[in-house]
Structures are given as structure tokens and as C-alpha cells.
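Here chain A shows up in two complexes: once beside chain B, once beside chain C.
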Partner chain A sequence: MIDPIAVEAPQVPAQPVPAHVGRSYWRAAFSRLRRNRIGMASGALLLFFVLVALTAPLIAGFITHTNYSSQDLTNTFASPLSPGHLLGTDDLGRDTLTRLLFGAQVSMGIGFLAVFVSLAIGAAVGLVAGYYGGLIDGLLMRFVDVILAIPSIFLFILMSILFKPSTVTLALIIASVGWGSIARLVRGEVLSVRTRDFMVATRALGASDARLIIRHLLPNVLHVLIVFGSLYLGSVILTEAALDFLGLGINPPIPSWGNMLTNSETFFFHSRWLVLWPGVTIFLAVLAANLFGNAVRDAFDPRLR
Partner chain B sequence: MLKYLLSRVVATIPVVIGVTVVTFVVMHIAAGSYVPGLDLNPNLKPEDEEAIKRYLGLDRPWPEQYLTWIGGVIHGDFGRSMIDGSLVSRHIGDRLPATLELTVTAILLGVLISIPLGVTGALRRGSKLDHALTAMSVGGFAIPGFWLGLMLILFFSVQLQAWGLPFLPSGGVMTPGTGGGDLLDRIVHLIMPATVLSFVYLSIWSRFTRSSMLEVLAQDYVRTARAKGMSERRVVYLHALRNAVIPLVTLVGLELPSLVAGGLIVEVVFSWPGIGKLLYERAIQTDYSTVLGITTFAALLVVAGNLLADFLYAFLDPRIRYA
Partner chain C sequence: MPGPLLGVHDLKTQFFTPEGVVKAVDGVSFELNAGETLGIVGESGSGKSVTAMSIMRLISPPGRIVEGRVLYDGRDLATLSESEMQGIRGESIAMIFQDPMTSLNPVFKVGWQVGEPLMLHRGESKAKAFASAVSVLAKVGIPSPGDRARDYPHHFSGGMRQRAMIAMGLTTTPKVLIADEPTTALDVTIQAQILELLRTVNREFGTATILITHNLGVVAGMCERVMVMYAGKVVESGPTEDVFAHPTHPYTWSLLRSIPRLDAERHEPLKPIEGLPPDLIDLPSGCAFHPRCPFAIEKCSRDVPPLNRVGDAQLAACWVTQSGTELPHA
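Moving on to the complex of A and B:
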């Protein structure tokens, strides 16, 4: 028999920290984030939703023993805690918990993808506009003005009719508007970094524009992207749920938190839970995303505190 | 001052042109020369279809169509519906009052409640009340508006009625057939949608007032006012608050566009016959030209709203004008 304690990894002596290495900005930020209890708790909740989204088919297969579309018309509007249905069933006898699990795939998938694409486009536009200035800056920023002037919900509806969206296209539709504000923020930050001595020095060394932008400007605006991205996630989840609810996003049979609420009020007297669960789930996910975003902002941009 | 205002107006012109071009182009990528309903008629001959498209001007090149359309927009004509040929501008005119009734009420509610809440939070910074207000605003910001609307309807309209208690109407601006002369009836209809719509404003603006107020209270002139022996009430409400709400003006100004667009989901949930619901209904029927007209109208309003906020800000804060 092997003593479990003995097979633990051998104790490595702590690496001596060189005296000249101060706490870098990033390490300080991460340590501030770790010490923020609400931030870490909401981060954990967000991680939970992500894990649920990733493992939804497994959970459905091994724990709830059903899938999101299997109907049971003999067991409609089952109440929560009924046998085999922890959160009850809907008007077609489908398991509510399983549908919520798969709904997480839609919300989280679209949420993260839309944030990522917005950040990528917004950063590229903001960096180029801020770095080159002049006519390029003027044109790009006027275009941003135009995009932001058209009410985003109208644009979403317009594009939803056009594309009959899938998960990916819906994320792209949301991102096609979301990059505007990021571009503005990044540009503003670039304007203040551009004139610093290190930029002038690097250019004097003969660095190309591309190298200056990617190697020297981008790391200096990265905190803007991290902060905005984490605050933006919650609003994407809300927008997406609203579009699904209106029937302009992800449509049945694929369940999403938004489309589970469509027409749910008609069943109010059969089962109140059908209205409650998806709403509470959206609320928790958005709350987790927003609180985590606040914590990230406090950690990475202490001036804003 | 005049120079500043003029420069703002001039800077707006390219945005106005851009907005109309972008909405027009997106719409035409979406619709092409599709006319809703034509494909449903099996007796329609190809030459009839061509004739209809020619009549609607869809056979001409895009730039020409754009110029014709924009010429109308300049004169307040936002085109005609693809479905029934009705004037989009007339639809907008019919629906605008209901939308404004809802959104103006919501914004007023938001301002009137969020400022006292924000000031209270700032004055009692770190107290239990402050924490509770913070929690409420964080929570309020995460509630999906359409779901809150559903829950309110289910409780205040459905459940109360089921219990035989007085209940709130679940939708519409007034009881059908009353003609809208009854003010009380209108207010009763307004309660729930306005509450839902003002919720988000409340969450954002009360936070904003709080932090803005905290910033102002730390200023030297507030200390000076206190040192002169001015009463705390005068310091807070006369000196601090007046400066703290200036940035809020911009924030509220930025919400002016939502006067038209912001209530879309609430309008749908509460069957509120406003612009947002109109756009939604027409979008589902693929009435592209109506959607285009409404979107353009709303976007122009956004531009105008931003301009107005700029003006208001310059008027309230002299530093802007001379910068």
C-alpha cells in the first residue's frame, strides 16, 4: 500500500525573486483581482455557466437522462422536483433543466464570441485610427459615429431578418455594432500613448509601423480591452436573450434562455415556473458577468475606482 | 459660443449623410428588389412582376434609388410601405405620441428618482443604506427588461385579477373605446411599462450621480463653502448638487435617442402602440421600406439628440465653450 502523502510532488524550494524585479502592472492587477471577494465569487459563477455550456450534452446524457427536444406529452407542466425533472417540464413535456443547460451554450457561446469579435475589430480600428491620425482617423471615426447613431436594436432586427441567424451569425450581428465604442476608447488611449518618449525612441530605431502598433501600442491599450470586454459580456447576454425572446435570434427547437420565455406567459396558470427559471438564469449570468467586469475594472484600472 | 455651436452642427452633417447611406445600403443588401407578397401569387406573370418593380422604382440603379429616397427624406417623406403603399411618415406620426408618452415618463421617473438616491448614497457613503442602494442598482442592471415586464404583468394583471383584486391593465395606452380622454385611465396603463423602462435608467443614473457627487464634495470650493459656515443643506444642494448633475445632463442627453428606439422591447411586451412595436411588426412582415424609414428617422433623431446634449452641456459648463 502506498502512502498517499508520500507520492505528493517533492517540495520545490521557492524561487528566489531577484531584488530588481518590481511587481509589474499585470501582477499587481491580478493580485488586486484575486483579493476582490465579490469579483472572485462572480468569476466562479461565470466559470460555472461556461462549464455547464461546455458539458451540457454530457450532463443531459448522464444526469438528466434526456435531451432538449425530447417531448413527453403525457407529462406536460410537471412541477419542479417531480421524478426525473428537477425543474419541471414545459408545455410539450420537455425537461426544463436540460433546456436551460443547452440554453447556456447559446448565451455563453454568443456572449464570448461577440465580445471577442468586437474587441478584435474595435482594437484594430482604434489602433489604426489613433496611430495614423489625419484623414484615416477622421474617416474611421466618422464611420464609428454613424454606426453608433443608428439605434442598435433596429440594426439587430434589420440584420436578423436578413440573415435568419445561427449562433455564429447572431454573434457577428451583435459584434457588428459593438466594436464601435471599443474603437473609440482604444483610439483615445492610443492618442495619449503615441507621443510618449518610448514610442519616439522605438521609431527612431527604425521600427516599422506594423511593429510599433502590434508590439508597442497594443500592449499599452490591452487593459482597455480587458476592462471593456469583461463589462460588455453582460450586455451581450441581455441583448441576445431579448432578440431570442422576440423571435429574431435563435429559434426553437434549439433552446435558449430568451426563446424559452417566448409565449411562456400563456402557460402561467399551468406552470409559473416556466416564466421564472429562464429569467432567473439570465439574471444570474448577467449579474455574474457584470460583477466580474466591475472587479476586473477595479483591478486593471484603479484610477476609475 | 456661437462658433462652438456652428462647428458642432457642421461636424454633424457627414454623420447624417453616413447614417442614411448605411441604413439604405444594409436594407438593400437585405431586400434586393424583393417585394413582399409577390411570390405568394401563383397567377402573377413575370412581366407583371417587372411592371410592379418598375412602378416601385426597384429596377433603377442603387445610387439613383438612394437619391430619390433621400430627396424625400429631406422633405420629411420617409418612403412608402412595401406591403400596403401607406406613407411611412404617416405611420411614424401616428405612433410617435404613444412612444413619447412612454419614454418621456420613464426618463423623467429615472431622473427624479435617481438623483435623490445618488445623493443619499454619496452623503452616507459606506453606510448600510449606501450598500443596499449599490446592490439594488447592480441587480437592476442585470434584470432582463422584457422578463421584468412579463413578471409584472403576471402579478399585477393576471394574479391580482385571479384573486379578485383590483388589477392593472396588461397592455395598450388606454381602455379600448374610451378615446383616451380619461387621464386616470391613461396613467393606469402607463404604470407598468414606464416602471420597466425607467429601471435601467435608475440603475445607471443613480450610480452616476453618486460618484459625481462624491467627486464634487471633495472639491476645494465645497470645503470653502463649509469653512464660511454655510449650512450643510445649502452646501450640498446649492453648491455641490448643481455641479454634480452637469455630467448627468450628457448622460441623459445620450438617452434622447432611446426616446424612440429604447422602448422597443417594452412596447412589444406591453402591446404599446408605439414606434418600436411598429418597427417590430413591420420587420416580421418583411416590410423593408417601412423598417428603413423608421430606422432612418430614429437615427436622425439620435444625431439631433447628441447635438442637443452638446449644446446643453456647453450652456451649463462654460469650460466646454472655450476649450
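Moving on to the complex of A and C:
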């Protein structure tokens, strides 16, 4: 009798395979992302803002030679390109460039922290709701409905009064609303993945619920988190700037792009650059975040193009 | 003589749907001996897969095992806790599924998945489990297993994936392997290879196999014993040769008769079983097969026939044959 194990398709010499075969989903996605020039440029700009935020004290110490709160009442409203003040000074003679640098710390810090916290809570709730279904799903999703039904601006105002806004508390306040949409998206994706045969097959191997959720479901919904997280960053930066502008977020003397606008609107008619610099910075950061988010979405979900 | 490896006693699994209670498995009993291959045949919806899923305790709501015992190794699987059951699944009883295209997780390398039972049950490290997976992949006939283990499932053909699924089931050398229509989704030449592989596994690992299929040819070639299911009940069971030579339930008889024959006249029409499988929510009275049965007598629509001994080891649940009437040659 023929050895049954040898009953394999006849051995054919290895054929050259196209370059895209043999790559994982992730590698293919990253390679699509790398080919997207606008996306990569936006990513580079975001990275630049992050680096600026991280090195703000160094730049202030060695390049602009000033501090974000050091005032010089003899040199208020200095024009851009004036000696020692590349972007000019404000009503208290503080260096605008230095304040923008430190403002990046606020915007990037809150942006990334709020996105991360929203993703973590949203993913956990979405995975649990989608996986268990039934009553658990019903309760969690109704709670999400409630969260999403609250007008967020009023919630932010209330929270800002209750908690003294700092980078961390403000990020948590924004995340306390942001996780809802993520939970919904993740749950939807889980519902479709959950019914796939490999979930039962893996359960038949003796895997526990926790293992199924964390090791098998999570990697299958990770692309949802990556895409939504990238797109959400821009909206967090904008929300945070708006709260600062309204005086409900980070307050002076700590500079933020939002509260720099608050102070400067008063002086708009004689010192437009005070509005221009933080405005342009916010615009660029949000635009970069959104374009990068779009690029990530195109790379991870090519069907949507 | 030692007792059977696996004993299923009066298993009842029902699904509680808004339309009513679906009696998917309705009092099934059978035994599986060590090293044996048992075939379970029947139409779609006859309860074959639900029986297998019930043994594995993989029935999820709205389904529930409402009655019965599943004895394995002196324990009733139906009463074990979920975490005890996790120790049985994949360790003592493994299961492979119909569609190998969707039964592997698309985001993980095949080797990692094949080794997963070893991580779960033997506490092996990722690297060690991967190495073990490579050697099992070699045993199931994956060429250059060291390289292929690093591939993702979408790089595998259907036959290769089913081999990988079988490898996954075998890593822990379970006592029982349940194969739920393992070849249905594969093309014919690959089917033969996979069946050959299952036969080798059964012989070399001594793994008792439950083979669920609707292909009677597969049963004839693979299984020592066969069990025929209809509407959630066992209607006939026994040694494959006896059942195929002398079917004693009209349903088995009709199934065998409906197989196209090589020696048939050209243009001779196929002989289908008339009618449709019954509605499992609203089963016919008496014997569930009586509306489609060419031999039905008045008693068939009144009383449910018991599964009685009709030969040396053959059982059948039919009033007609139990009253002494012989079915014509199939």
C-alpha cells in the first residue's frame, strides 16, 4: 500500500512568487502607508510636533534663550523677526515661539493621552459586549448610548468646574466621552469576527474566554483601533484647543495653543500675528492628524478607497 | 473487556428560539471504543453536528444540553465546569471543522496556531510549541514544514489548511478526534488525501475518530461502525458492512438507494428521497420519517418506534422491520 502521508500533490519546483504574496496583512498595510506621500508627510509633521513637545525645554534653553513665562514689559508686542524673538512677543513681552513650543506639550500630550485612554476603554467595552452578547451587550451598549447622548460641551464645562484642569485630567475628561464611539465600532467588528469558524475552532482547542478575547479577537479588530485612533487625534486636538480658548482647559501661565488665542483676540487689530501663529499651528496639527488618519485608513482598509 | 472510551446516553440538545423549541438532538445514545472509527451520517439538520458540538460542550445560547450524559474517562462531560471542560477540549478530545478556509485565524502564522494547544495544555513556551508544530505539520504531509509554519493561513490551499487543522488537533495526541464533515469543502482529489490522512492518524496514533459526513462512500471506506441520524434521533446503527448490506430502517434504505450506481442504465433517473426533512420545531407524530417513508403503516404515525436490536450488533428504530417485514434489496 502507498504510504498515505506521501500522497501529497506532486512536488513542483518552487515558482517565483509575486512580491505581495508571502507578506502578512500588517506588512502589506505598512507598505501601502509608506507609499502614500501625503500620508507620510502628515505623519512626519505630527512626529515633528511630538519631538518639539518633548524637547521644548531644551529648545527654550539653548535656542530661544527664554522661558515661556518670563515677561519683558519693555518689549511688548514685538513684531516677528525682531531681535531675539523670531515670532514676536505678546502683551506681556513673552516670546511667542517659546510659548508655541510649550503649547505643543499640552496639545500633543492631551491628544495622545486622550486617544490612548479612549481606545483602551472603548476596546475593552466593545470586545466584552460583542463577545458575550445578550444582556451584557445590551447593558453596555445602552450605557454607551447614554454617554453619546450627553452634549459633550456641557459635560466638559461641568467637569472643568469639578476638576481642576491639568494635562492629565483634561485628557481623561475628553476620553470619558470619546470611548463611546470606539466601543460601538469595536463591538460591530467583533460581532462579525465572532461568528467566524476559527473562534469555535479555537474554543475547541480548550481556549478560555479571556484568551479568545485578548489573543484572538483583539488582533482581528486592531485595525479598527488604529484607524479610528489616528482620525480621532485631530478632533481631540481641536476640542482641547477650543476648551483652552474658552478658559475651561489649560489656563495661563501655562501656554497652550488654545489659550494663546484667548489672550490675543483682544489685540487682533494691531498685532495680528498673535492670532496667526497659534491659529496656523492648530490648523497644521489638526490637518496633519486628519490626513495621516486618512492615510492609515486607506492602508489598513483598502476596500474603503 | 474495558468499557467504551466515550459513552453518550440519551443526549438531548435544544435551541430555544422565538419560533419555538428546536429539538436538534433528541435522545441520542452511542458508544465509541478506543481506536475505533464511527461514522455519523444523515441529511443537513439531522443533528449530526449538534451531537458533536454537544460532546465538546460548544453549544452556545439559545442552544442548551437539556438532558443526558456524556461519559468520558469516568466523568460526565455534561456536568463539568467550563474551566474543567477547557482542560478536556483540545487535550483529550479534539475537533476539526468543515471549512478549513475559515477555521484558521487569519492574523496568525500557521505554526503558532498549530502549536496553540501545547501552550494551552502543556504550558509550552511559544518557541517550543512552534517547534513541535513544525514536526506535527511534517507528519500530516505539509512539504517543507519549517518554512510553511511561518506562513499565514491565506498562503495555504484548502487541502493544506485542512492538514494544518488536523495537525492542530493532533499536537496533544488526543484520545478522540471528532471530524465534522472534514472533506465537504474540499475538491475530490484532496478529499481522498485527507481521508487517507485521517485513516493513518487513526492507525498510528490510536485516536478514536468520530467522522461526521453525509457521504456514504466515505463511511464505507473509513468507518467500522455507522450511525444514521434523522430529525435528531438515531434511526439505525451497527457495523458498517451489516448496515450497508441489510439496511433495516427505510431511511437508511432510501439513502443507500439514492446513491447513483456505476452499473446503472444510461439515463436511468436518480432516486431521491421524496419530501423534505422535517421541521424540527413541529415534528411529525410517531416516527419522524413516516411522511416520507414508502413502507409506513398506520402505527408509524401514532407511536415513536424504539431503537431495538435487529441483528448481531445492528440496531434500528422502525415499526415496519421490527414487525418482521424485510425491506427490498436496495
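Keep in mind that, in the parts below, the second predicted complex is superposed on the first by the 281 of 305 C-alpha atoms of A that agree within 3 Å, B and C clash if a C-alpha of one lies under 4 Å from a C-alpha of the other, contacts with A are read in each partner's own complex, and residues count from 1 in each chain.
Going forward, contacts are C-beta pairs under 8 Å (C-beta built on N, C-alpha and C of every residue); 3 or more make two chains touch, one makes a residue touch a chain.
Here the structure is a predicted model, which means the values were calculated and not measured.
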| item | value |
| --- | --- |
| Chain B versus chain C as contact partner of A:287, first or second or both or neither | first |
| Which superposed partner A:253 touches (first chain B, second chain C, both, neither) | neither |
| Contacts of A:207 with chain B and chain C, given as first, second, both or neither | second |
| Which of chain B and chain C A:61 touches, first, second, both or neither | neither |
| First, second, both or neither for A:198, with chain B first and chain C second | second |
| Contacts of A:25 with chain B and chain C, given as first, second, both or neither | second |
| Per-residue contact with chain A, leading partner among chain C and chain B | B |
| Chain B-facing residues of chain A, complex | 142-143, 145-147, 149-151, 153-155, 157-162, 234, 238, 241-242, 245-248, 261, 264-265, 268-269, 272, 275, 278-279, 282-283, 286-287, 290-291, 294 |
| Chain A contact footprint on chain B (complex, rising order) | 14-15, 18-19, 22-23, 26-27, 29-30, 138-139, 141-147, 150-151, 153-154, 158, 162, 257-258, 260-262, 264-265, 268, 276, 279-280, 283-284, 286, 291, 294-295, 298-299, 302-303, 306 |
| Touching residues on chain A, where the partner in the complex is chain C | 4-9, 11, 21-22, 24-25, 134, 196-198, 200-208, 211, 216, 219-220 |
| In the complex with chain A, residue positions of chain C that touch it | 56, 58, 61, 83, 86-91, 94-99, 102-108, 116-117, 120-121, 139-141, 143, 151-152, 155, 159, 165, 168, 192-193, 196-197, 199-200 |
